[in-house]
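The structures come next, written out as structure tokens.
Across the two complexes that follow, chain A remains constant while its partner is chain B and subsequently chain C.
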Partner chain A sequence: MKTFKGYRRANGNIGVRNHVIVINTAGELSSFTKKIAQLVPGVIPVIQQGGESQYEEDLKQTVRTLIGTAGHPNVSAALLLGIGENSIANEVKEYLQEQNHHVEALHFNKSTSIATLLKEGKDWLEKAVKKSKAEKRVTADVSELIVGLNCGGSDAWSGITANPAIGSFSDAIVNDGGTSVLAETTEAIGAEHILANQAINAEVGQEFLKIVNDYEARIRETGEDIRSANPSPGNMTGGLTTLEEKSLGCIKKGGSSPLREVIGYAESPTEKGFIFMDTPGYDVESVSGLTAGGAQIVLFSTGKGSPTGSPIAPVIKIGTNPQVYKMMQEHIDVDAGKIIEGLNTIDEIGEEIYQKLIETADGSITASEKHKNQEFAIWRLAETI
Partner chain B sequence: MEKYYFEGYLRKEGTAGTRNYIGVVCSVICSSVIANDISSKVPGTVPIIHSNGCAQLGDDFQVTKDMLVGVASNPNLYSALLVGLGCETNQISGLLDSIPKTKPVEGIGIQQLGGGENTLQKGVHIAERWAKELSDKRERLPLSNLTVGVVSVDIDEESLEKVHPVVGKVIDSLVAHDATVIMGITDTLAPAGPLLSERSEKKEVRAELSNLGEESYRKRWKETNSKVHAARNFSKEEKDLAALEAKLAGTSTIKGLLAYSENAEECGLYLTKASSNLVETLSNMISCGCNIALVVSSRGTLTGSIALPSMTLTPKSADGGAFEELVDYMVTEEDADIQSRNVIEELIKISSGKKTALEEYGLGEFSIPHVGTTF
Partner chain C sequence: MQQKYNAILLNEKDNVAVALRTIKAGETLSIQGVNEKIKVMETIGYGHKICLSYISENAKIIKYGECMGMSTEKILPGYHVHVFNVRGLKSSERSSAAHIKS
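Right after this comes the complex of A and B.
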């Protein structure tokens, strides 16, 4: 039985990090989010640019993502910044406090001076950091882990090395009772029939085909061809020629386990095992959705080398070829290029990924954490009002 | 008529900056951390970072690209360093091709340079070189070199009643002094489209403005086709409030309705699309060529723009009633003519280098509107 040491939360969930965060519920508060986070060492600013004057579809998605992020098991405490009285910040706070999360909302309103607000924020964060430092890691089973699967800056090697190795890992953790969540609906286009056949039953298969079809329909409505954005210019210099080719490689991250559930952006899986989340191929938005859905760790394969991380979860970068590992070692944690060189098999790299995952869960720092890559963005649906 | 001047930085193409920044612009969110790191190491630079740049299609991508071209071209930037990842949709080479060659502009990429550390070093090297060239010398310029973005955000009826006589006169006076004024059409102002249309001499502008009062021109999820708009029926209350908000725009002739990132052809009053997301609206105004902004609200605002000095104006209320320390001008009961002159004088001081309240606090952001979903 594989275990790791994590932080047990009041609601029973287990985290692999013990972050204290400040998160804004309105784009207008981005600057103050940074300012308040800077007042107390170790506090992470989680900044998003939307949140105001949105159509209902975006508002719902924003609230769901904020709840999943501020209430994430890797978060020890979260300070939400809001404007005025009836803000999203209050809604999120009340929801999370009911579940015994350590959260507070700080409201910018006309009756309180900026200096007072900054002091209130600083005091709360200092206490939260102190409290977080007293929290100790405890042993937990890997079956409690949710691992997000993403790729960014793919090349022709992605589908041959890193993605199948991630698939091998995914099968292993699912076999151990854990959960892996494949994302990026765009990158299932052209290969959807294969994943649909992997579904546990016809209903899940149909749900999966529906999100892919809806995606394609939206693309057609823009009057554009998805092939003009994907494969991206970088994918093409990396040797990918069509979206189908990219997708066939992309879905290999899902391994061969049965697909048990299809969930919406930033939703939490209700089942264990292999899951699909409907996210865009835009990496930062996709990773933010995965973490808001409860993923404690994200695996991210890259052929061109991408530095992005997450403010919430450690992101483990898996290079697809020996060149990218050599060139961009500062951004990469696992070298799947060894498969090309004949040094390792796909399954051996899968095991290496599993080992890296356990080390990371135990507290070992990933490349993106080291470089403070804390990009965050919520998948945008419609235009701002 | 009194003649006004401000002290600005005259650029080669004849435009003028009210600030003299070196912009460090990311092409995509994936290079935002490095762009920010470069900026934090070189005084005189501003980080122009945002969440867009990849997995975008059609109009939505075009808006992102145009807005970055616009900000890089803005006269408040002495020079612009573009920082990319490499594999993104929004390629640095495409941006470089589109930015007019009137100032120092260079582009670097993380994948091309083999990682973040190298990119940071190279970027700092370029920015430091520019920082040495930077001259702090301002010169006396007429208001025809000023492009003022005016936007209202979160403003109620009571506040509008108090501020419109002053703001309206400010705009009319700026226009009379040959300044360019670009006013944002927010969602609350849109029902006044037909009313505003009467103030234009051009047939096509009148038609565009009339339409604003009849249909929503903001795209919804699952109806991304630009030809399909949700029909809207504005209530009498919405129309009345919009008519009041329209008084902020004074009485000058409306020369045109600018698209995102479109620059005004000549001086005078223009309108452009604005959202209640102030940062997005101000970013569009930079991109439309504004070199200063006037933000009108009931409560004051908690951020401004990273590269556009944003003067804030609210009504003065008995209970304090606003984030006072973040407000530059409070409208009182005093005569509107006198106050409009006060506002213009403050605007000129700010254009000449005086820091706005938001700048004093270091509150400034950049973000690009989406007109469709990401893929």
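Right after this comes the complex of A and C.
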């Protein structure tokens, strides 16, 4: 039985980090969020642009993402910043307080001076940090882990080294009772029939085909056609022949375990095992959706060295080729390029990823955490009003 | 860079391997887990695919253990497998391939 030491939360969930965060519920407060976080050492600012002037579907998605982020098991305490009559901060606070999360909301408005707000924020954060330092790690089973699977800055080796190695890891953690969540719906276009066929039953398979078809329809409305534009001339030069082949290289991050559930952006899985989350291919929005859905750790393959990190979850970077690892070692945690050199098999790198995951869950810092790469963005569906 | 193998097999069901470095015509494939000695018939760039066993015309190209396309002509072992001898699936073929377990 594989175990790690994490932080048990009041609602029963387990975190691998003990962050105290400040998060804004309106884009106007971005700089203020950073300013208030800087007042107390160790506090992480989570900055996003949503919350104002949004259509209903976007507002729902923003609130769901904020709840999932502020109430994330890796978060010990969260200070929500709201503005004027904006009620999102209170809505999120009340929802999370009912689940015994340590949260507070502060509002920027004309009846309170900025100096007062900064002082109130600083006082609350100082107490929250002190309280978080008294919290201790306890032993938990890997079956309690939810691991997000993402890629960014892919290259011709992604589908040959890092992604199949992540797939090998995914099968292993699912076999141990844990959960892996594959994301990036756009990357599955062309191989959706194969992943649908991997579903546990016809209903889940149909749900997966539906999110792919819906996404493709939205893209077509903009005048773009993913099927005829891929594989791109650059992909073909790299050796990719068909769209099926390109997409297979992406979805193989999910291994060959049965697909148990399809969830919306920033939603939490209700099943354990292999899950798919509907997210865009843009890595920052996708990773933010995965963490809002409860992923405590994200695995991220990159061929070109995308530095994307997260303010909430450790992101484990897996380089696809020896060059990217050599040039950008400070950004990358696992070198899957060793497969090209014949030093390791795909399964051996899968085991190395698992080992790195356990060390990371126990508290070992990843490259993106060391460099404070804390990208965050919520997937926006409609126009801004 | 010293390499132990010049190509990789991603799934044991595959009928193509992927070149791990540029392999010249006349070289022999060395793939972990594959004992058969296959002679490379034309230069294959790294990341590109090589035929491992005879593929007839209009047959499945298998990579990752899945059908990634159909051959448009017969392909012999050791030859390059790419856009000039492989096409993607038609939508009718995709829907039949998307047979969902009930």
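Operating definition for what follows: the second predicted complex is superposed on the first by the 364 of 385 C-alpha atoms of A that agree within 3 Å, B and C clash if a C-alpha of one lies under 4 Å from a C-alpha of the other, contacts with A are read in each partner's own complex, and residues count from 1 in each chain.
The definition used in the following text is that a residue touches a chain if its C-beta (ideal position, glycine included) is under 8 Å from a C-beta of that chain, and two chains touch if they have at least 3 such contacts.
Remember, it's a predicted structure, so these values are computed and weren't measured experimentally.
Asker: Tell me which partner A:G238 touches in the superposition: chain B (first), chain C (second), both or neither.
Answerer: Both partners, chain B and chain C.
Asker: Who wins on chain A residues touched, chain B or chain C?
Answerer: Larger number of chain A residues touched: B.
Asker: Quick check for you: in the superposed arrangement, does A:W157 touch first (chain B), second (chain C), both or neither?
Answerer: The second partner, chain C, only.
Asker: In the superposed arrangement, which partner chain does A:H371 touch: chain B (first), chain C (second), both, or neither?
Answerer: Touch status of A:H371: first partner only.
Asker: Can A:S306 be said to touch chain B (first), chain C (second), both, or neither?
Answerer: first
Asker: Please indicate which partner A:E330 is in contact with in the superposed arrangement: first for chain B, second for chain C, both, or neither.
Answerer: first
Asker: Touching A:G223, do we find chain B (first), chain C (second), both, or neither?
Answerer: first
Asker: So, does A:K127 touch the first partner chain B, the second partner chain C, both, or neither?
Answerer: Neither: A:K127 stays clear of chain B and chain C.
Asker: Can A:I385 be said to touch chain B (first), chain C (second), both, or neither?
Answerer: First partner only, chain B.
Asker: Which chain A residues come up in both lists, the one for chain B and the one for chain C?
Answerer: In chain A, positions 238 sit in both the chain B and chain C interfaces.
Asker: Sort out for me which residues of chain C touch chain A in the complex.
Answerer: 1-5, 8, 10, 18-21, 32, 45-49, 61, 63-69, 81-83, 86-89, 94-95, 97-102
Asker: Which bits of chain B are touching chain A when the two form their complex?
Answerer: The contact residues of chain B facing chain A are 29-30, 32-34, 50-51, 54-61, 85-89, 91, 110-111, 114-117, 187, 218-225, 275-280, 299-303, 319-326, 361-365, 367, 369-375.
Asker: Report the residues of chain A in contact with chain B in the complex, numbered from low to high.
Answerer: 27-32, 35, 48-50, 52-53, 55, 57-58, 83, 108, 110-111, 113-115, 152-153, 186, 215, 218-219, 221-224, 226, 228-230, 232-235, 237-238, 280-285, 304-308, 327-331, 371-375, 377, 379-385
Asker: Residue numbers of chain A touching chain C in their complex, please.
Answerer: 156-157, 160, 164, 190-194, 196-197, 199-202, 205-206, 209, 236, 238-239, 241-245, 248-249, 252, 256, 322, 339-343, 345-346
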